[in-house]
Amino acid sequence: MNQPTVMMAEMTWPEFGERLASDPIVFLPTGMLEQHGPHLPMGVDHLLPTAIAAVVAREVDGIVAPPVNYGYKSMPRTGGGPSFPGSTGLDGATLSAVVRDIIRELARHGVRRICVIDGHFENLWFLNEGIDLAMRDVGATGLRVMCLQHWEFLTRDTLDAVFPEGYPGIELEHAAVLETSLMMHFYPELVRMDRIPDNAPMEAPPYDVWPARREWVPETGSLTSAAQATPEKGMLMVEQYRRDMVAAVRREFLS
Amino acid sequence: MNQPTVMMAEMTWPEFGERLASDPIVFLPTGMLEQHGPHLPMGVDHLLPTAIAAVVAREVDGIVAPPVNYGYKSMPRTGGGPSFPGSTGLDGATLSAVVRDIIRELARHGVRRICVIDGHFENLWFLNEGIDLAMRDVGATGLRVMCLQHWEFLTRDTLDAVFPEGYPGIELEHAAVLETSLMMHFYPELVRMDRIPDNAPMEAPPYDVWPARREWVPETGSLTSAAQATPEKGMLMVEQYRRDMVAAVRREFLS
Amino acid sequence: MNQPTVMMAEMTWPEFGERLASDPIVFLPTGMLEQHGPHLPMGVDHLLPTAIAAVVAREVDGIVAPPVNYGYKSMPRTGGGPSFPGSTGLDGATLSAVVRDIIRELARHGVRRICVIDGHFENLWFLNEGIDLAMRDVGATGLRVMCLQHWEFLTRDTLDAVFPEGYPGIELEHAAVLETSLMMHFYPELVRMDRIPDNAPMEAPPYDVWPARREWVPETGSLTSAAQATPEKGMLMVEQYRRDMVAAVRREFLS
Amino acid sequence: MNQPTVMMAEMTWPEFGERLASDPIVFLPTGMLEQHGPHLPMGVDHLLPTAIAAVVAREVDGIVAPPVNYGYKSMPRTGGGPSFPGSTGLDGATLSAVVRDIIRELARHGVRRICVIDGHFENLWFLNEGIDLAMRDVGATGLRVMCLQHWEFLTRDTLDAVFPEGYPGIELEHAAVLETSLMMHFYPELVRMDRIPDNAPMEAPPYDVWPARREWVPETGSLTSAAQATPEKGMLMVEQYRRDMVAAVRREFLS
Amino acid sequence: MNQPTVMMAEMTWPEFGERLASDPIVFLPTGMLEQHGPHLPMGVDHLLPTAIAAVVAREVDGIVAPPVNYGYKSMPRTGGGPSFPGSTGLDGATLSAVVRDIIRELARHGVRRICVIDGHFENLWFLNEGIDLAMRDVGATGLRVMCLQHWEFLTRDTLDAVFPEGYPGIELEHAAVLETSLMMHFYPELVRMDRIPDNAPMEAPPYDVWPARREWVPETGSLTSAAQATPEKGMLMVEQYRRDMVAAVRREFLS
Amino acid sequence: MNQPTVMMAEMTWPEFGERLASDPIVFLPTGMLEQHGPHLPMGVDHLLPTAIAAVVAREVDGIVAPPVNYGYKSMPRTGGGPSFPGSTGLDGATLSAVVRDIIRELARHGVRRICVIDGHFENLWFLNEGIDLAMRDVGATGLRVMCLQHWEFLTRDTLDAVFPEGYPGIELEHAAVLETSLMMHFYPELVRMDRIPDNAPMEAPPYDVWPARREWVPETGSLTSAAQATPEKGMLMVEQYRRDMVAAVRREFLS
């Protein structure tokens, strides 16, 4: 281990304790156990933000806390919905409580800057709420928290390069070109290259219904084709993430 | 990948869906982010049960769900307490809710046999409660759940072999011979061999106090010496775990 | 009162009881008390969905339950954030509980088809969760629930007509052309015509931070200009809502 | 609009912001959606306190927050119970949370004096609890809160005038002379004058039972006769409310 | 022990198990730890309903579960409020949860008829809620629950005998003639006969305020004089309770 | 009453108020309603800690709050499990909330030193959590809390004297020699001397399963023989408790 790890779970407590002295940014990856088409593993949503967090943390001498592996329930229009085998969702209040408790505890140790990096579309508002409740618990101590979903950082240029035929929007990009390319880059051994789906995009109405409608969702679970995914596109996105997320955390936290 | 993975996070949904047909046992590892002495990483409590669960799952054609990486608050007498940098505990109700939600969701997918394998002493009762609440939610569907803490399976013979000078009891075995030997076996690259502590055992009174007393706990965070840890002892324990946990899940679930 | 009211709060119980026999769709408007620029009243988010719900209900012989007047906390990027005087947000779990309880109670009375019409962007996921929890409470009784945010129904044609210079996206449309036009249509007496803002659009980064940044938000609280709002545009939108929401509830509930 | 509105939902945020400078009393009406006999609409319990709050607010330059339209479950002995079609009750903790959140948010904006005016008998203790929890959240900031149920203000003189044959007590006055007279005064168009019930008073035992007993309750849902209701009696009560509630809030808040 | 005990806490499990066969009524006393004037012990509110429950249980071959010793927060107008040393209140949701859990568990053992006997005015609505939530948990199993506050059973005749100068109403009867007489009857050794207060009645306004106003409450904590209390009046009340509560539970449960 | 009572429920508020001036230790006994074999009453778990608390309180001029009579659910391996008639368990969060509320309230009255004495094995972690949450509520006020389970204080010498054939461990000591001897000492009239069980010890595996297995538990409900119980052994234990618990509270609280 030439370079010291950025992963908090791999540090000893004295190592973490020493790092605290330099007021590090702690990154918290949040994910989900959920279907990601016939070709991607169900852990995509915690695997990607953990990898991205490590990329960014290395640049800013930050620390990556262990990922929250389970997230909010999948919805048909953005993740295929609960009926796919293996999609294992938490109640919203549970997810908020997990994030609230982790942030409150990190703050108790003296961490003052936390960046939540999320990989599961449906998580966002329960993360927001968990952060807000932790801020209320912690009070006026100077704690600052950012929350982001990685795809929100993609610029027009990157989208043009990754989706030369047009970006279908994040809702359809579940288990499609975006996530597949990133997985090819970070975890190629976990991608079933022979099962990359090429289905037509989902056509969903502008509302949700309960009980969920499985028939709205393509058979594959990919909400549109992933055929144009490549590891190079994954790398391109990661490079842009690195540049712009580093800039963002510096702007918010180090200035 | 010659042998198919047992890790649920690495499976695609069709793979998991197929596995459901054979009524598999699903193992849920539960851990904590917590100090483990000067030589072990803070993720020990999720790393060990995940590895043990994989060992057992391979024998019974089971599946290992992603670990719950955060657990209940550390107590001084069993884990050093909350004041060690990095010990990041959830509230009890949060941990119970996480386990309740995961079990309810697995049961919704048709899983009927779940075995929680815990690696953090303080977790137990909140796991019990989460399971009990999930059973209430699920009703009379035939769902059966086991819950175990791995060290409870150690037999007299194993303890005699691992602790020739006498087993100090699980409370003191935090970050000591037991956990260190298992980490040497499963994750040798994560053990700081040059910092293995050799302190005298903690002497704690038969009660707890709040605010927690850091002065009760040895400086190292190891509650007794880890000097006698070896990877061979780790393997010995794992072999016994494999044998006896397989027997236990067969007895409870497959008969 | 030539035409009987569709408002549940104005019905007597025998009137509602009689209506139950025809298996009516019940619409539940959900809103927020929140800043809406210098020209719109803070009740916009419950006023609009209540009015829209009444429009749709009249077409399908439906019933409009009293609005939920308070909603989830305002976020800077979509509503200006909590620091504007008067923005009065509920915790997420509170909002989910309100919706859960109302749906469970309506179902207890025999209502089998409920359509939540939301007027506050930040509410959506806590509404989703409240509905999902109510579905779990109610069990397999045949209850079906829709949830929609009205602007999601706007078609390309309508957007082209309302925003001849391009639709800025719903996030920026807080207290801007869309809401102002609808308010001019439904509640002209509540619009301060002399204070319609014409500020430049908000430029927000692709993430959130806590504590919230007031400086991200235009002084007015309108996230972009409302200068192009007209009652005619409001009517145009309402007419399309009427047509397409009626079609949607018929498709989901009456077929 | 010659006189500026007292309704917070009709104010813009700059208007509310200006009002904050004069340290106004904010009134929060709380109600219920519940059967009120064959002649009164189901929204009586939020309609009346909203109207009363406006009357009082105008006298003390106060502000009326939007009503909480849903309240605690109806009980047979005081509201007819849950079995009447349309009686749509929240769980107690839900109602307490709504009130807690609203008060905490108003206090965050700098409001220091809040008066909850309730129109639903069964709400009281959950309002008390919500207020108490908000006081705990807010801490020693000088916040003061009053909570009242409007009928508690009726004096002996008023009761003698309204009930020349004797006041039956508030429990029986559900959907009877008191509420009917007030509705005739404030919302005559919502009273079905041809269906005013004249049934004998409910005879209920001194306890409650679950499941609720519908047979304890008069068929009409009015717990005693409303035949003696008149708009003049309504006005008489309102005038006394105006006088005495104004005196009470001045005594508690302005001295 | 000639007569077998009615107290569940004193029974062995086989004794309770045998009793279950005859479908017994289980009585659950609920109280509070709260000031009761200078002459009564702070446990009055669990002591009295426990004693009354035993009286009634003996008549109907019933069983008295152990009392819930802590109850909802004292309010100034009915119990003197929270500022008296020793008044130790639970949050409303806590009390409801205790009662919900106990009832659900009793029902699990096959108990089908439960009567909650309360001794603390402020408890009522949180008991109601706990019962209602337990009914929801238990579903349509035939479980029936009564809830009563003992003083509600006092008849006009008893009140005339106990209060020859007129009944001041239950709100003022905190730690006054009613409770003192009952304590003299059941627990004479716990009454400080030399400190019976004789203060004027509290004059409280028709509303509550937070923070609580200690100055509204008589110095003694007794809300009116207890000077006219006698053990004979206590016995008179108990005899009437016995007669009428037995009749009530027979009417509700045994017919 | 020559010696003033230590029982808080028997004190008047002025008596408690006076005691507060001397900064007393308050003891809170926590128990359970649960099967305790064929010979012990189901209230053992609150009866014993209440008696022990009184013994200790008398030595240190302390105060004993009323016991919490209901506790966490019985588990088969330590209490026989939920299927025994009468074992009436609270949910974990309920028990934690009760303890949290009581401690927060005692602290509000100025109590600064609280010792929870528990009599039910399964309670411990939910007590810990309730205490921890109360500490968080109360903040840095100097409040200190101890929590103990009485049997943890037994020394090697006492165990040798009480169990000359060897201490089977606390798990098996449910309703066996330890509890029976203590009950013979404190409450001899409640012990059915003719039904003292003499069954072989329970043989339980090192894990738990849901649904609970009644067949793991001896028919009697005593997890091992109670035949060697005597009141003298009870007294011996109590004398040691007195000595060592007094020393412990002095060490923690009075130094």
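Brief remarks follow.
Chains: A, B, C, D, E and F, in written order; residue numbering restarts at 1 for each.
Keep in mind that, in the parts below, a residue touches a chain if its C-beta (ideal position, glycine included) is under 8 Å from a C-beta of that chain, and two chains touch if they have at least 3 such contacts.
Composition by chain, UniProt nomenclature: A, B, C, D, E, F = Creatinine amidohydrolase.
Everything numeric in this text was worked out from a predicted model, so none of it was measured.
Hopping across touching chains, the smallest step count from subunit B to subunit D is 3. Looking at which positions face the partner, subunit B and subunit F present mostly the same ones, since more than half of the interface numbers are shared. Subunit B is reached from subunit A by a rotation of 180°, derived from superposing Cα atoms (nearest 5). Centre-to-centre spacing of subunit B and subunit E amounts to 47 Å, using the average Cα coordinate of each chain. Work out the mean CA point of subunit C and of subunit D, and you get 26 Å between them.
Among the residues of subunit E, those touching two or more other chains are numbered 91, 93.
Chain contacts here close into one cycle, and each chain has exactly two touching partners. All chains form one closed ring of contacts, and listing them from subunit C in the direction of subunit D gives C, D, E, F, B, A. Interface residues of subunit F facing subunit E in the complex, by the touch rule stated above, are 1, 7-14, 16-17, 20, 33, 35-43, 46-47, 65-70, 82, 84-91, 93-94, 97-98, 100-102, 105-106, 108-109, 189-190, 192, 195, 221.
Within the complex formed with subunit E, the residues of subunit D that make contact are 72-73, 75, 91-93, 96, 122, 124-126, 128-129, 131-133, 135, 144-148, 152-153, 205-211, 248, 252.
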